[in-house]
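Lettered A, B, C, D, E and F in written order, each chain numbered from 1.
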Amino acid sequence: MDVSELAARYDEELRTSDYADVDASANGLQVGSGDWTVEHVAFAVDAAVETIEAAVSAGADALVTHHGLSWGGIERVTGRDFDRVAPLIREDVALYVSHLPLDGHTSLGNAAGLADRLGLAGRERFGAMGSEYIGLAGTADALDPAGVRETLETDLDHGAGGVRHLDFGPDAIKDVAVVTGSGADWFDAAVERGADAFVTGEGKQKLYHQAKEAGVHVYLAGHYATETFGVNALADLADDWGVETTVLDAPTGI
Amino acid sequence: MDVSELAARYDEELRTSDYADVDASANGLQVGSGDWTVEHVAFAVDAAVETIEAAVSAGADALVTHHGLSWGGIERVTGRDFDRVAPLIREDVALYVSHLPLDGHTSLGNAAGLADRLGLAGRERFGAMGSEYIGLAGTADALDPAGVRETLETDLDHGAGGVRHLDFGPDAIKDVAVVTGSGADWFDAAVERGADAFVTGEGKQKLYHQAKEAGVHVYLAGHYATETFGVNALADLADDWGVETTVLDAPTGI
Amino acid sequence: MDVSELAARYDEELRTSDYADVDASANGLQVGSGDWTVEHVAFAVDAAVETIEAAVSAGADALVTHHGLSWGGIERVTGRDFDRVAPLIREDVALYVSHLPLDGHTSLGNAAGLADRLGLAGRERFGAMGSEYIGLAGTADALDPAGVRETLETDLDHGAGGVRHLDFGPDAIKDVAVVTGSGADWFDAAVERGADAFVTGEGKQKLYHQAKEAGVHVYLAGHYATETFGVNALADLADDWGVETTVLDAPTGI
Amino acid sequence: MDVSELAARYDEELRTSDYADVDASANGLQVGSGDWTVEHVAFAVDAAVETIEAAVSAGADALVTHHGLSWGGIERVTGRDFDRVAPLIREDVALYVSHLPLDGHTSLGNAAGLADRLGLAGRERFGAMGSEYIGLAGTADALDPAGVRETLETDLDHGAGGVRHLDFGPDAIKDVAVVTGSGADWFDAAVERGADAFVTGEGKQKLYHQAKEAGVHVYLAGHYATETFGVNALADLADDWGVETTVLDAPTGI
Amino acid sequence: MDVSELAARYDEELRTSDYADVDASANGLQVGSGDWTVEHVAFAVDAAVETIEAAVSAGADALVTHHGLSWGGIERVTGRDFDRVAPLIREDVALYVSHLPLDGHTSLGNAAGLADRLGLAGRERFGAMGSEYIGLAGTADALDPAGVRETLETDLDHGAGGVRHLDFGPDAIKDVAVVTGSGADWFDAAVERGADAFVTGEGKQKLYHQAKEAGVHVYLAGHYATETFGVNALADLADDWGVETTVLDAPTGI
Amino acid sequence: MDVSELAARYDEELRTSDYADVDASANGLQVGSGDWTVEHVAFAVDAAVETIEAAVSAGADALVTHHGLSWGGIERVTGRDFDRVAPLIREDVALYVSHLPLDGHTSLGNAAGLADRLGLAGRERFGAMGSEYIGLAGTADALDPAGVRETLETDLDHGAGGVRHLDFGPDAIKDVAVVTGSGADWFDAAVERGADAFVTGEGKQKLYHQAKEAGVHVYLAGHYATETFGVNALADLADDWGVETTVLDAPTGI
């Protein structure tokens, strides 16, 4: 398979073009020639020197990440962008990126993976971004608030970080809304939905009082930790296509 | 003193109007009648039900906060905004807000207070926001990276949170840039300045690899924890003016 | 019935959400708690100290107006906005607002009420505002231009003002376009439609020569005077719902 | 003198270029050839068929107006614009326009002329529009509110209209702010200045309650009626330059 | 037939209103009265003094052009715009304009006419401009690159100019994309389509290396020369309607 | 000297930062590491595969061009951008770009070089772009129009193109305005200045009639041909700094 074919398969599965107007990230193939042959793909949450070098070491022809290098265009291929682009080009490693399409995909996505861990049922798309969605919401059978925290703490890859629980919700959690990464701006939508708990990655100062006043549990489980599901699912897809895969672990603890 | 006079004094000291074009916050008097008499002022980082009720309980005529209620206008005085505005109006408590003017004030500001704790010398304005600044930078006499962390951990009011140290910088810290609150977008400016360490409140996922690749220490000391300095300084001012003051403690741990 | 229920019923009847993108007014519930019980509703064209105090005096739990307080957000609850919001909150009176949805509603709306008085037939939506409409147009059986003036003069509530007639149209009026309030910008659309007469509230200087050159009657019947129909119709609706109602009279003469 | 010279003299006197960024009107020469010789200039408030035909009848080579034909460009020279442009071109009459520069000129302007009639002293520029001004404010020696109305009623050219007085201010008027034409949006600035009375041309519905709540007199003296001063002053200038002049009277009563 | 009728027929045929949002040109009737009678229409690529005078000399009542006078509005009818508008008005010649609608019309349009000359089959709309198109693409039976140049050189009206061939494509041309006039910005779309040759009017510096690197033939056949087809087709239509027609020749060589 | 030093010297000389807001081009260092050592610099008008490969062949460490690769950011380092960026990175060749700063520099710039060839005196900055300029104007001692054409034809590097002369001006040229490259939008400014001749690179269709009606000579001397002066001057500067230089010749004929 060549790089163009790999990118086309992912683009179709992830509906890349449908997110073009709502995502600052230039999703799809970001660096490299479409003609290169792909036999081994590496996967990581972030495109950074650490992961790019690891991909090269693993012998990968392509690196697939959730966070890429072009957010509205690379102004200059200098400094940090040079340090990241140069090894990709020198070592013939293509970079494929899927940001919001991978957050919101209903089965492969980050929110979907997190919902799996929490055992959510009756799932609906959640976290509107223009005409698309970047999260999921679902129902549960009276989850214990401390138990949810424990699940997130033990099942996710936190690096030096952990889970912060704003413990302001009811004793039994029956409805959960999830927006992985930096999802604080969708907290009000979770309240409007009637969610008992809102799970996201990074916190924002305003969330504390918002949660306290709304009487809703908030779990800040880490940006990195909540976003490993998607790239793992894309690795599984590549496995199915007969491509060798390596999933890189580089937790930020943030 | 009446509310108008109090607001006018703070506005002049903080140069409120100079920040009008760069701050989404409607700085200055946000809620209340300018004719009310002020004998007792409460101070808090956030304007929220918790702090508003505490101000009422303390018998305050006015509440001064860093984060207010109007960010580009209060669309509707319903829901959360109603819950916050209503007790202010029913109990005749005026709300005065100073966001970015208080972050960047070179002696009263949040960054200034944090720079004091770190003992920074040769201070310069840092963290450009249009034609204004919201942070400070300065030099130090070879600070120990772990020591900086300890200082931030012990001297600041973290609530349930703490300090995260991205330990990627040199062994001796000689130049420090500070943007309190959510300052990650100014990390590159800190690198350009040649800072050895960057101190801010909230983290963002991208900061991890940026710090690692730049070889700079990053301290994520908490949004709330880094922003108590300013309102405390404003309380001292009010003390000088002969007004009774109460500083409210409501750490978010975020 | 509680405030939320009242607002929901009106929102559905008036299609509030359909006008969200074309109206600067924050239509729907603007001030108050959705949990309050509503037994008595007051109605007025304008939300102002005069009408708010009258609503309080009447013992109303809610005030429904055509012109509200939030036009793109209340920047500060101080000065005029404080004087209007404070009595609502202190006296537990909710404020529900319907601006353009109430202008253009084909049976309850301001233009519809005015068209009723003029006996217009074959009505069509008129006065495009994005994808919605804020007026009505219709046909008549050769109305006498002076008679139209007389009808508007006697049937409407002008306060100190009156009707100005720009008498430039034909002797017999067979087609009339109506945009209540400040409708001068739709005069050209009325000409394009082939209307013999255009009825609106406030005048604008340019209308005089536009009407003279187009050979069309213009009636400037007063902003307030042309916009009492809608809130009266909403009062009738509330009556049907078993709520006590008071329609407040506060003509501006403008 | 040719048309270019006439336009250049007015442009310099009125500082036309300084208003370029704040005025939708294309001020300066709007229609005609700069090479035409000017011996006779007509003056009117509005450029319309009525005034253009009167200028032609008077034998004018140029028409100078306050309201012109190009507001952000003439989309098509058809319909109303054709009816106005065609006689200018066919009869070799140039059109020179001065909108906001003529409103705000401190001696020749519309507000200045109105201030003269009211005998205002200590005049200051008022009515900010970007970095320029379109009105004037000044002080008076305890004017009688009814007397001000009478002065405006008798001294101005109202056509079929008249003066509306919102009689909400103090018994003695000591400070007056003036924005001629459609000035309602500057009412709050008048209040902030501490004016006892605000004089403008057209009304807007919201002014009524604003004036009532602020306790300030408002005089709605007519858009046309308040804007004859400027063109008369420009006629006087042309007289001084030795050009024959005709001031056209075409009141709109609005 | 009167001018309104002529304009209405062309507007319908060319779908003028569908291009309103994507074209800076004010398409449709640009100058004149809709009431004038039309017996003789002149046609030209550009509305300029040369063609307007020629239309007058020919005794035309209307001039139909591809490039008109209003591109976002005529700021002032002075200088160049006066020199062009004045003879139209003085001689009662209406100006009808069709810019992008005439470029992209699938049978009457400029690209269609050029495609006819090249004998393209399997035509598809090409050159997206918002939701509309301004060019055509089609297939050919292995055209000879030099032969295409010869055809464009001999069949088109170049005035002092000629055809520039960027000879970077394959020996046999099987797919051609056409955007007449200034089409360089659609070169990448032609490459994406898989075209072997791209034909446009004006060149842009960047096209040279783009064509060379993509391995595609580019023909710069002249802006004027590629855009005579449309107005000739409109003349044929007018002939069918029984109107006398004159096609004016005024090549720019650009 | 390292790349950073080279870029800093050019940036200072060319006032790169002053053009940041008016130029879509990301001027300054566009590709490469600032740490690289520079011993040999190549210069070209365009950054394209042809010139980049020639720079590599010449053994250059850096390439300096007038037209670069980043115009508002490189969306993806794929396709054409990959083909150009990849050899720069693989061969360790830095790319430095100066677009408008190099057009308008009063001694090193493209317009300055062209003005030298024409022997223009009394030079003034011309061709306003925001607060900066991109051309020059000056006076001459009655130049012969055909002679100017001949000078441009023989002295410039046209490749397959040549000079087009729109011969509409006076017999003796005494004032010349120059905007190299694509300067047609500044023709009106040249007329306003009173220039007898306007020299630019690329033509635009509208220029023909504009020049004819204004009675001004226009010389379309080629985009590439008019823009070799600047990069040659930068090469001379580098020579002075003791760096080996190669000026690459790659005329586009456009």
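As a working rule, contacts are C-beta pairs under 8 Å (C-beta built on N, C-alpha and C of every residue); 3 or more make two chains touch, one makes a residue touch a chain.
Owing to the predicted nature of the structure, the values given are computational and were not obtained by experimental measurement.
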Report summary line: If chain centres are mean C-alpha positions, then the most distant from chain F is chain C
Report summary line: From the listed D-E, E-F or B-C, the one duplicating A-B with over half its contact pairs the same is E-F
Query - Geometric centre distance via CA averages, chain D-chain B, whole Å - result: 49
Query - Computed distance of Cα centres, chain D from chain C, in Å - result: 31
Report summary line: Whole-Å distance, C-alpha centre of chain A to that of chain F, is 45
Report summary line: Separation of the C-alpha centres, chain B versus chain E, in whole Å, is 61
Query raised in the report: So how do the chains connect up here, line, ring, star, complete, or something else (other)?
Result: ring
Report summary line: Ring order from chain A through chain B is A, B, C, D, E, F
Report task. Would you pull the chain C residues touching chain B in the complex into a rising list? Result -> 26, 28-34, 70, 72-79, 82, 85-86, 89-90
Query - Contact set on chain D toward chain C in their complex - result: 46, 48-50, 67, 80, 83, 160-161, 164, 181-182, 201-210, 212-214, 220, 223-224, 252-254
